[in-house]
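Structure first, commentary second.
All chains are identified by letter, namely A, B, C and D, in their written order; residue positions are counted from 1 within each chain.
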Amino acid sequence: MNLTLKIWRQKDAKDIGGFETHEVREVNPDMSFLEMLDVVNEGLILRGIEPIAFDSDCREGICGACSLVINGTAHGGHKATTACQLHMRKFSDGETITVEPWRARAFPMVKDLVCDRSAFDRIIQAGGFVSVSTGGVPDANAIPVAKEDSDQAMDAAQCIGCGACVAACKNASAMLFVAAKVSHLALMPQGKVERERRALNMVAQMDTEGFGACSVTGSCEAVCPKEIRLDFIARLNREYGRALLHRGGG
Amino acid sequence: MNLTLKIWRQKDAKDIGGFETHEVREVNPDMSFLEMLDVVNEGLILRGIEPIAFDSDCREGICGACSLVINGTAHGGHKATTACQLHMRKFSDGETITVEPWRARAFPMVKDLVCDRSAFDRIIQAGGFVSVSTGGVPDANAIPVAKEDSDQAMDAAQCIGCGACVAACKNASAMLFVAAKVSHLALMPQGKVERERRALNMVAQMDTEGFGACSVTGSCEAVCPKEIRLDFIARLNREYGRALLHRGGG
Amino acid sequence: MKLDAHIPSGPLTQKWDQHRFDMKLVNPANKRKFDVIVVGAGLAGASAAASLAELGYNVKCFCFQDSPRRAHSIAAQGGINAAKNYKNDGDSVHRLFYDTVKGGDFRAREANVHRLAQVSVSIIDQCVAQGVPFAREYGGLLDNRSFGGAQVSRTFYARGQTGQQLLLGAYQALSRQIGLGRVEMYPRTEMLELVVVDGHAKGIVVRDLINGVVTSHAADAVVLATGGYGNVFFLSTNAKGCNVTATYRAHKMGATFANPCYTQIHPTCIPVSGDHQSKLTLMSESLRNDGRVWVPKRKEDCGKTPASIPDSDRDYYLERKYPSFGNLAPRDIASRAAKEVCDEGRGVGPGSLGVYLDFADAIARLTEPVVRERYGNLFDMYERITGENAYQQPMRIYPAVHYTMGGLWVDYNLMSNLPGLFVLGEANFSDHGANRLGASALMQGLADGYFILPYTIGHYFASQKQTRITTDHPEFKKAQETVSARTRRLLAVKGKRTATSIHRELGKLMWEHCGMARSKESLTAALQKIPALREEFWSNVRVTGENGSLNQDLEYAGRVADFLEFGELLCLDALTREESCGGHFRVEHQEAGECKRDDAHFSHVAAWEYQGEGKSPTRHIEPLTFDEVHLATRSYK
Amino acid sequence: MKLDAHIPSGPLTQKWDQHRFDMKLVNPANKRKFDVIVVGAGLAGASAAASLAELGYNVKCFCFQDSPRRAHSIAAQGGINAAKNYKNDGDSVHRLFYDTVKGGDFRAREANVHRLAQVSVSIIDQCVAQGVPFAREYGGLLDNRSFGGAQVSRTFYARGQTGQQLLLGAYQALSRQIGLGRVEMYPRTEMLELVVVDGHAKGIVVRDLINGVVTSHAADAVVLATGGYGNVFFLSTNAKGCNVTATYRAHKMGATFANPCYTQIHPTCIPVSGDHQSKLTLMSESLRNDGRVWVPKRKEDCGKTPASIPDSDRDYYLERKYPSFGNLAPRDIASRAAKEVCDEGRGVGPGSLGVYLDFADAIARLTEPVVRERYGNLFDMYERITGENAYQQPMRIYPAVHYTMGGLWVDYNLMSNLPGLFVLGEANFSDHGANRLGASALMQGLADGYFILPYTIGHYFASQKQTRITTDHPEFKKAQETVSARTRRLLAVKGKRTATSIHRELGKLMWEHCGMARSKESLTAALQKIPALREEFWSNVRVTGENGSLNQDLEYAGRVADFLEFGELLCLDALTREESCGGHFRVEHQEAGECKRDDAHFSHVAAWEYQGEGKSPTRHIEPLTFDEVHLATRSYK
């Protein structure tokens, strides 16, 4: 198949950037989207042109590195699919495809399709953990956890931190990301102990990083490659409310 | 002492059945009720007549096998006493005693005084357990249990599954039986983990088996040889309501 | 025949761990290819069936009761031992091991007993995880009490209904597997034949007790967990339905029967009150923690009301004879001491066959409410049966047959000499030697089912070239024909005595000739009388009804027929064992009224091999060696 | 050079405890005086960095990804082993030890493996305490499953994303320390040189990938946890970024590289579909618990739809050849068996390089919803990649490079022959011998980071007279200059081939000459071709852009340059090891198609010492002795 790519190029954070058009010939429909970009890049290199910079690593949908807005939708809009697992058979011959980076104030641009998502790391550093150090913990079976709770916690814990939720949100809110971690840990007895401190600190850091407010449109849930549910945001709001009530501040 | 017995005889599940009268002479007042029936049966055998079939095993009030309605009351109406522990000194010389099986749609007749109580087993199979497999459990002292909770759990756990509660109930309800197991397990931390699933599944199975509804007359409590209290039914209702609220369905 | 116990080599404390490692395993994905039959649903059977199903085996479980929740394990009152040392009073695996070997009068295998003691701690953890409501202290941790034969508090309990709660735990685990479709449960179904193909146990033939239909079931292994044979004495604390049929018929198919003469007489039962009695009722041994046992010092006082006998005229004979254990002397010792004082004419109550168990001091010390909390249900039970109030007057107790230490011979893996036939719980002979300590039966049943068989059965499967047998095999046809012929024969006698009357006669004979005291003379007499009684049975029993429906008379007659053969084996074993040990007291072998063992000649297991009807069975021996515990005269003084 | 593994004396089971006692300690108040560099933030790196910071050391942690949460540990699907024996199916520390030694084909150190098995139980406790949502039973306790190469269920898992959840646990522990200011984190930063001063590792030189700035970092110890070298084969299940650069450059500074020829080919990957492919995708080994592997018995049937081939015409070759392990045979065995049937022309799918993994029986037995619950995410992934629905037709799978057992040589303390240089996780060679068992990689990574290094690093600090080195030291300048020169050289070639095309050519060469089967002939050929390809690279590669900004082409070219040297070392090691063992199959050394070890000559670790460009490396050996596990032919039949 043959395709036209309209790809965002931007030399560095200071550059203003813009779309560049590339014609791609003889694309194998079994290729993944990133493999298609690899082929484009090899062509560019041979022509002495710097290849298109984009993040990727595991290429099996779990590391959360890849971060392309494809045809206006984060990861391209296929259910539970990251860009690296999107295959070209999902596109039509002759199609024009636009490729852009995540765009959000809290995710500053680096180059081309690469942005800086370290704000997510700082939110986790603010409280997205259980404060146990190595050693001295009870036997793993000492505290039973209801399967339903554990399953729900796992639903939330699956978040790969890709940032698609932010990219998809008209407010560039990080609520789904924060909600996933707060819910994961609040659902398990191990994490309940410091649930209030955690919710307060993570929300405060989220605000500091400049993410927008949540207006519950559900666009985050729609693009999430791990199908993190919107109701975790409701849980985060409850956790946060509970924490405010018990601890004040906020 | 001499007695007249009016005993239910029924060849098999299809037979219509009816009362048979037996005169019994020289009954020793120290005999248990079942030992008195043993004597009657030996007499029948020697006359070439099939003895009266009835269930019994431990004959010390704990296995729950015996299941006689004596003078219209399950187990004969003495406080905390199964038929096998009822002694003849509780009857008067010359008395006429009627003996019938449990009667309930969910306990189909088998023969004479024997009925089929396997519905109780199926209710337990639906959820009357803690889902732990052998091995890999925490140390027995890892989770403290308040003595009061443990004692209450034991009050409920004493149920011997005889079915007198069903036999005594005008609706043939199994609520006391189900309540005892749900309460036993819900009262202890080990059982709390799956309390909701358990309550929903056991009640659903109880309904499937064709037991009637509970109208809280207390006749079950009155005949229970282990004095399982009516307030466990209130607890079951709370557990069930809680489960419906959290899990839906029902 | 050579009986190889397959005891692992290496130091005693490491045998089980090393063996668990050395045993072959069945791959998890392959377990579903193996079918296991479990007969019996008491503690051992239910725990085994549940655990095997959890591991992935296909399990069929059979019981004669209408539900697996009714097996007689449910009646155990007192408790279950475990070497947790929660009381910090000096218990340890080694001490539980030592107490059990000594308590068994040095007639058990050291390796088995040590494993039992090791595994005991896991059992308590397992049962608590299942939700068993063991007694707790106010702080929320588990309570313990002491029990006969032990100098530490290592017994866990749930009021006076420990057996019930443990059985319900195992029953619930089993029910979970039934609900998941991993165990097929057959209640009201009695095993009548074991099927052996090429020397391996490959299935059973059963009768559906509701409709009399006889069916065959093939499997890769058969597990018998069918309890003890105490009802050979007719009167015992066993349930009415307890019987020797499953193990005895396996014996007739080649499984050796070990130490049948080791029977336990429990010292604290409610005395016999008349000829009508269908069973005896145990009063939990735990009562001996606070009750004091006595009889009048003088015969003349025996008719007086106990309250009227001053302390100085009472003989607290256990405290006198065994000062360090006192009222907590082991069962065999306490039983014989009771017999002794009654033989001296100092017994109390009807027939002078009783001794007092007196709580007056305990009530004075602890108050009546405390005594009621500890033992209320036992006092109530006593009152229901005797019509007497034990808060106001002493209980009367007397020894009664309670437990049988003998059973099918098994090796360290709990496998009988017939490969593929495993035997668990009271049905095997393995861990208690010649006398069982209190609160150790529940421990052994659950150890076998939860923690031993699940390992050893896999080793059998993985070591064998498996040949798949179906119920079309001629051996199944043959076994079915045996069953039918037996039924026809029983129904055809149409004699003049009930099976009950013959069973009662057998029981009386066994009690008198082979009960608490045995002699060459009494045993020789019994060995003449039993065949005659058997002859009487087959020529004069009356079994009513027909095969095709629920026929409790027929079921029972079949079991009595087995008791009539088995009783002879028991007496023969007692005659051959020319020593006294534990529950086996040969009057010829005593020293100051105590058992006198003959270690030089009888430090062995006697396992009997069936040789066919009318032929004497062959006695095989498995020597017992004691490397850890020094062989010594057992003393509780 | 003498390689001393510093294995503690004493009985195997007590070595680690004794060693922990014997090691010197750093006073709590003094720990803050020590700086530690950790390179890599996967399971081993993140757990080490977090644990060291918790202890009080100053930690700097570096990773090339944009966040430490992305390391390729995250992609491990199946689970993590631990000898908890929660399933009561026969597991123990000894069995996990034994399985691992045997699974590694007797080419690992007993002492290391035993410690790993011991520590495994603590790992699960630790991860649960962190909130890792492991799969649970309804009763609330942890679930386990079985995994390739094991006959017990000892694998803990979190759906098909165990690696993700464990990594996030370690990442969160690390994040906590970053938040507390105890770890300085450097994402998007690549280590390019190790700095050695007076024989001790004293720091690293790194490149900031955003702006190309090269900086030096001094420390008292350097910890490499930089993963494996599977991408030397170009196509592997590794992430695109995985590379050998950190370990190879340390090797060039003097660290010996052990057993590079031990590479693991994973049997259950999605087959290659075309030339464009950038990586291969693993389907979790857990699928083999319920899926059955087969190919047609006859070549002629290979083109048919699988449903049209009757059972009698299918060859379930793993079940046939290895009946006791069946579809759960270890990875190397299962991979070679797949190659064998494909070599016979019985492969299926494109290029006939595939075998079926069929769930039809599992769906019939368990129902589709149950199969969906167990493996739904894997079936979805399969469908995303292949467009095929594996509920309706069998999956096609084929072996692919997955893991590398070789790595930098370390002693028992995880320290390389360069004092102060510690190596953890897949980057070292230590615990898996010649083949790794399923679900053991996560175990080893976390064992090293949480429970081993935190003890041994203190011993190093406390045993040395510490000399404080700063980045002003000439060795740092030298290393910085090496980096700059290399960068300039790469940018200067301006040739006609992309780094990708040369890497792809190297990978194909490695796979064909040194993949699932190796021979003297193929290896000799490879050793001729690789230098030529390296020559081609340095004369004809095209690297675009400049150093001063994000330049992924430059980063990649530097890594390919190292692969081009390292591949030669790998082939040399394979040529020198004249035996077959585990993942190293030399066609000259086989017996009935299985590996034939040569214990007389090759029961040792081969550790290669770099001698300078263009010179042959020196082969050192560390003999392996087996005191606990009897050396035997590894059989899974």
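As a convention for this text, a contact is a pair of C-beta atoms (placed from the backbone, for glycine too) under 8 Å apart; a residue touches a chain by one contact, two chains touch by 3 or more.
None of the values given here were measured: they were computed from a predicted structure.
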Interface residue overlap between copies subunit A and subunit B, same or different (over half shared):
different
Please tell me the distance, in whole Å, between the geometric centres of subunit B and subunit C computed from their C-alpha atoms.
27
So the centre of each chain is just the mean of its C-alpha atoms; given that, what is the distance between subunit C and subunit D in Å?
56
Taking each chain's centre as the mean of its CA atoms, subunit A sits from subunit B at a distance in Å of 58
Listing for subunit B: what residues touch at least two other chains?
130-139, 143, 190, 193-194, 197
Please list all residues of subunit C that touch 2 or more other chains.
51, 54, 129, 450-451, 454
Mapping chain-to-chain touches, which pattern fits: line, ring, star, complete or other?
other
Could you please specify the touching residues of subunit A with respect to subunit B in the complex?
138-139, 141-142, 144-148
In the complex, subunit B touches subunit C at residues 11-12, 28, 30-32, 34-36, 38-39, 41-42, 44-46, 48-51, 53, 55-65, 80-81, 85-87, 89, 110-111, 114, 116-118, 120-121, 124-135, 137-141, 143-147, 150-151, 153-154, 157-158, 160-161, 184-185, 188, 190-191
Per the touch rule, the subunit B residues reaching subunit A in their complex are 136-139, 142-143, 189-190, 193-194, 197
Per the contact definition, I'd like the list of subunit D residues that touch subunit C in the complex.
87-90, 92, 94-95, 98, 139, 141, 145-146, 151-153, 289-290, 324-328
Once bound in the complex, which stretches of subunit B touch subunit D?
130-137, 190, 193-194, 197
